[in-house]
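Each chain gets a letter, A, B and C, in the order it is written, and its residues are counted from 1.
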Amino acid sequence: MADHHVIIENLVKTYPGAQKPSVDHVSFSLPRGEMLALLGPSGCGKTTILRMIAGLIVPTSGAIRLDGRDVSSIPVYKRNMGMVFQAYALFPHMSVAENISFGLEMRKVGRAEREERVRKALDLVKLAGFGERKVSQLSGGQQQRAAIARSLVIEPELLLLDEPLSNLDAKLRDEMRDEIRDIQARTGVTAIFVTHDQDEALSMADRLAVMSAGRLEQIGTPREIFDRPQTDFVASFIGAGTFFEGKVAGPGVAAVDGLPPLRFVGEAAVGSPVRLMVRPHRLLLAGEHGQPNSFTGVVEHIVYRGQILTLSVRCGSRLLQADLPTHAGVLPQKGDQVTLTVAPEDVTLIGREAA
Amino acid sequence: MSAAVTAPAAGAPAASRGILLLLLLPGLVALVVTFLLPLLWLFRASFASSAVGTLSGGDWTSEAYTTVLFDPFYWRVAWNTLVLGFNVAVFAVILSYPIALFLARTQSRFRGVLTALAVAPLLTSSVVRTYGWMVIFGDRGVINSTLQALSLTDGVIRLTNNSLGATVALIEILMPYAILAMLSGFGRLNVQLEEAAAMLGANRLRVFTRIVLPLSLPGVLTAALLVFVLAISSFVTPRLMGGGRVFVLGTEVFNEATVTLNWPLAAALSVMLLVLFSSIILLYQRALRALEV
Amino acid sequence: MQNTSMLGRVAWNTLITLLYLFLLAPIVIVFIISFDTRQYLAFPPESFSFGSYVKVFENAKFISAFWRSLAIGAIVGIVSVSAGMLLSLSLVRYKFRGKAAVNFLILAPFLVPHIVLAVGVMLVIAPIGLLDSYPGIVLAHLGITIPYTVRTITMSLMAVDTRVEEAALVHGASPAMVFWRITLPLVRPGLIAGAVIAFLISFDEATISLFIVSVKASTLPTEIYHYLEYSTDPQIAALSVILILISIGVVVAVERLVGLRRAI
């Protein structure tokens, strides 16, 4: 941890006149070359953190360390950060090349070297030949690329991206998602991006930091966050799922209201209350009764989504959600009686580390 | 003053407060010297005792106000001013309304040019445009020459050196203001509303009286106010078109200030004009609020 | 039915045309009469010549007043744009106590008749000997032009995306550099428009000027006013046409350069 490239320590931001801090004692760190997603609903403080790292907002307390050095008192324009703004914030009165060259000019880089580096940056983001264009003549995706080039050409300590894909339409978004991942991998720059879109975070980031109401809920790899959420918030914010409240009845068995006992994998003291979650795609159609964790009920509702079929199955007092692949043979109809099963290792025990 | 800046983190509060002061200072000094101080000083001067071309300091006297309030001449001047302002406002609004309505609704591709043409007179000094009306209304001007050429009259019809000429000239000179005020007040007017009313069975007259007129009323009121206040404080046009025979507050203020050099009296008349002006604006705000409810 | 609507349309268009004629009448008449050369005002012109224009250029009083007006307008334009830019920056970018008062002070001159302001300014500058002087007339004009420049510049400043400035900051520009390289270029249309408006107001202003200047610092509008008190000959028409052309020229040039409509 201590030798990590970026270390955020107990960062707090309380705006003047605000009752509660917008960012409340947040700490995390990144090794060099990692891409971290700050994920959370709007107003959770993720953008405030990004802007504090950039130097656009002064933290109330806490430290921002780059290679061990606290930079929180260094003014924004001397921090050597690269930032891609949500709406790109390209300079409208300059050409694409002038935009990219701007940071180099500010660093008093000589003209010849500047031109060479701008050319390389344009190549990197596949905008070769667009240097003389005006910003207004670029499409949304091209503006995005120009903004990335502008922030990378200065060889920043850290690349910050604020909702980088939110201004693009769905198709372009997938393309740019791969593109940004690729550029980041090729340049090896340490990057932090802010998003409210879990798909974006899961698919682009090496690790995710999930935030809620100014606090860091959980930090981990996409798999850890998705399969082993440690808090209710993370479990419900990331992906869909059916939640069960229960009591541990024995080793790996929980008694849940209105359902047969639920087997799970994980350590929990007998008699203690637990919260369990099952992801819809972990519920499978079973041939017969009697397997562990099998629930029989009536299909109440069906939504066809192309590759998957989402069923809502009424089991006693509970409504279970299950996603079935549509190529799985005969599909159930509304009103059919079905039996669903889930493997004990696919039952997530919320709030505990995986066993 | 406490300052909060949007941008640089580098700017500590103390530094940005200093910058803020530097930003505010030149403009504020200019406005205080050229606006606030003159108004305060005007008020003070209106209570000074009169001496030609100077202000005797120290004492406060209501001499100037007594002169104004007890001289029937100034009552007539005040009355003339109100009549002039009223006539100019009414006619300028009536004549500007069709143009504004036309400009607001036209689909013509010359709309920009036509709008520019309607407000272009604003780019011309009022002295120059008053001169234009002197040419039109003069004893040997356009109207008299035409009438004589057509043998409709023998002698000269006096159109200048009286309030008629001043009124007509002011109407024309202030019309661009009325048109601009109405155009910005007509924002809520749109052709779809009229179409909707027509589809609901309203004929053109009903569409006008029930839809167009009520929606344009706030703009009309603003225009009327603007023209009225500009008219009652005018003096170049009444003076030149009236040839010294039209007496309104503006001409009297100018006369006392620059000819007879009775500065306290000029100041007192100005204060009265300002009071008149402010009360009209307050009335207008009342009226506008009543319209919106 | 068809006929009445046709008739209505013709009547409406005729009305609009007549109103436009009324509105433009003095300018058109001045233009026509400017080609007359008689010593007195009469209509229609007897001949067509540029004699009156020649006389204007031979009139030393008019020529020197013209240069004074130009200089005064230029100074008023530059000063009110500079002060207006600083005021706009503080109003748009800072929060501070007393902001409402500053805003009021900027808007208030719109609510005071020029003639009242003229008497006030006259009374203030008379005792310090600034009547009929350049500083006096410039100060008098600033009071009415600064509110316009502040309004114009404030609008273009508000249109500047602050994130663009942040982007410059993040990528290494100091606050002063951000202002110089980003903010200033982006509000330039507003600055030019403000300067032009201030110049035109000063250049055409007669009311206030008549109270402040007499001989030494007389402006072109005051010279015309005093001339008209005694004579209405076509020389004034020629001069008026020149003034109108200058105003139009300035506006068209600016429109070509920066797009005035966008800026205002």
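We take it that a contact is a pair of C-beta atoms (placed from the backbone, for glycine too) under 8 Å apart; a residue touches a chain by one contact, two chains touch by 3 or more.
Model, not experiment: these values are computed from the prediction.
Chemist: Starting at chain B, how many touch steps does it take at minimum to reach chain C?
Modeler: Shortest path length, in steps: 1.
Chemist: Going by average Cα coordinates, which chain is farthest removed from chain C?
Modeler: Result for the farthest chain: A.
Chemist: Centroid of chain B to centroid of chain C, CA atoms only: how many Å?
Modeler: Computed from C-alpha means, the inter-chain centre distance equals 16 Å.
Chemist: Compute the distance, rounded to whole Å, between the mean C-alpha positions of chain A and chain C.
Modeler: 57
Chemist: Could you please state the distance in Å, as a whole number, between where the Cα atoms of chain A are centred and where those of chain B are centred?
Modeler: Centre-to-centre distance between chain A and chain B: 61 Å.
Chemist: Scan chain C for residues touching two or more other chains and write them down.
Modeler: Within chain C, residues 166, 169, 175 contact more than one other chain.
Chemist: Using the touch rule from the top of the page, what residues of chain A touch 2 or more other chains?
Modeler: Within chain A, residues 55-56, 75-77 contact more than one other chain.
Chemist: Residues of chain B that contact two or more other chains, please.
Modeler: Only 4, 7-8, 10 qualify.
Chemist: Flag every residue of chain B that touches chain C in the complex, lowest number first.
Modeler: Within the complex, chain B touches chain C at residues 1-8, 10-11, 16, 20, 22-28, 30-39, 41-42, 45, 55, 95-96, 98-99, 102, 117-118, 120-121, 123-136, 138, 140-142, 145-146, 169, 172, 175-176, 204, 229-230, 232-236, 240, 250, 253-254, 257-258, 263, 266-267, 270-271, 273-274, 277-278, 281.
Chemist: Of all residues in chain A, which touch chain C in the complex?
Modeler: Result: residues 54-56, 75-83, 85-87, 89-93, 102-103, 106-107, 150-151, 154, 160 of chain A touch chain C.
Chemist: Show me the residue ranges of chain C that touch chain B in the complex, using the header's touch definition.
Modeler: Residues 8, 12, 15-16, 19-20, 22-27, 29-30, 33, 40-44, 79-80, 82-84, 86-87, 89-90, 93-98, 102, 105-106, 108-109, 111-124, 127, 139-140, 142-143, 146, 150, 162, 165-166, 169, 175, 178, 200, 203-207, 210-211, 221, 224-225, 228-229, 232, 236-237, 240, 243-244, 247-248, 251.
Chemist: Report the residues of chain C in contact with chain A in the complex, numbered from low to high.
Modeler: 161, 163-164, 166-175, 177, 181-182, 185-186
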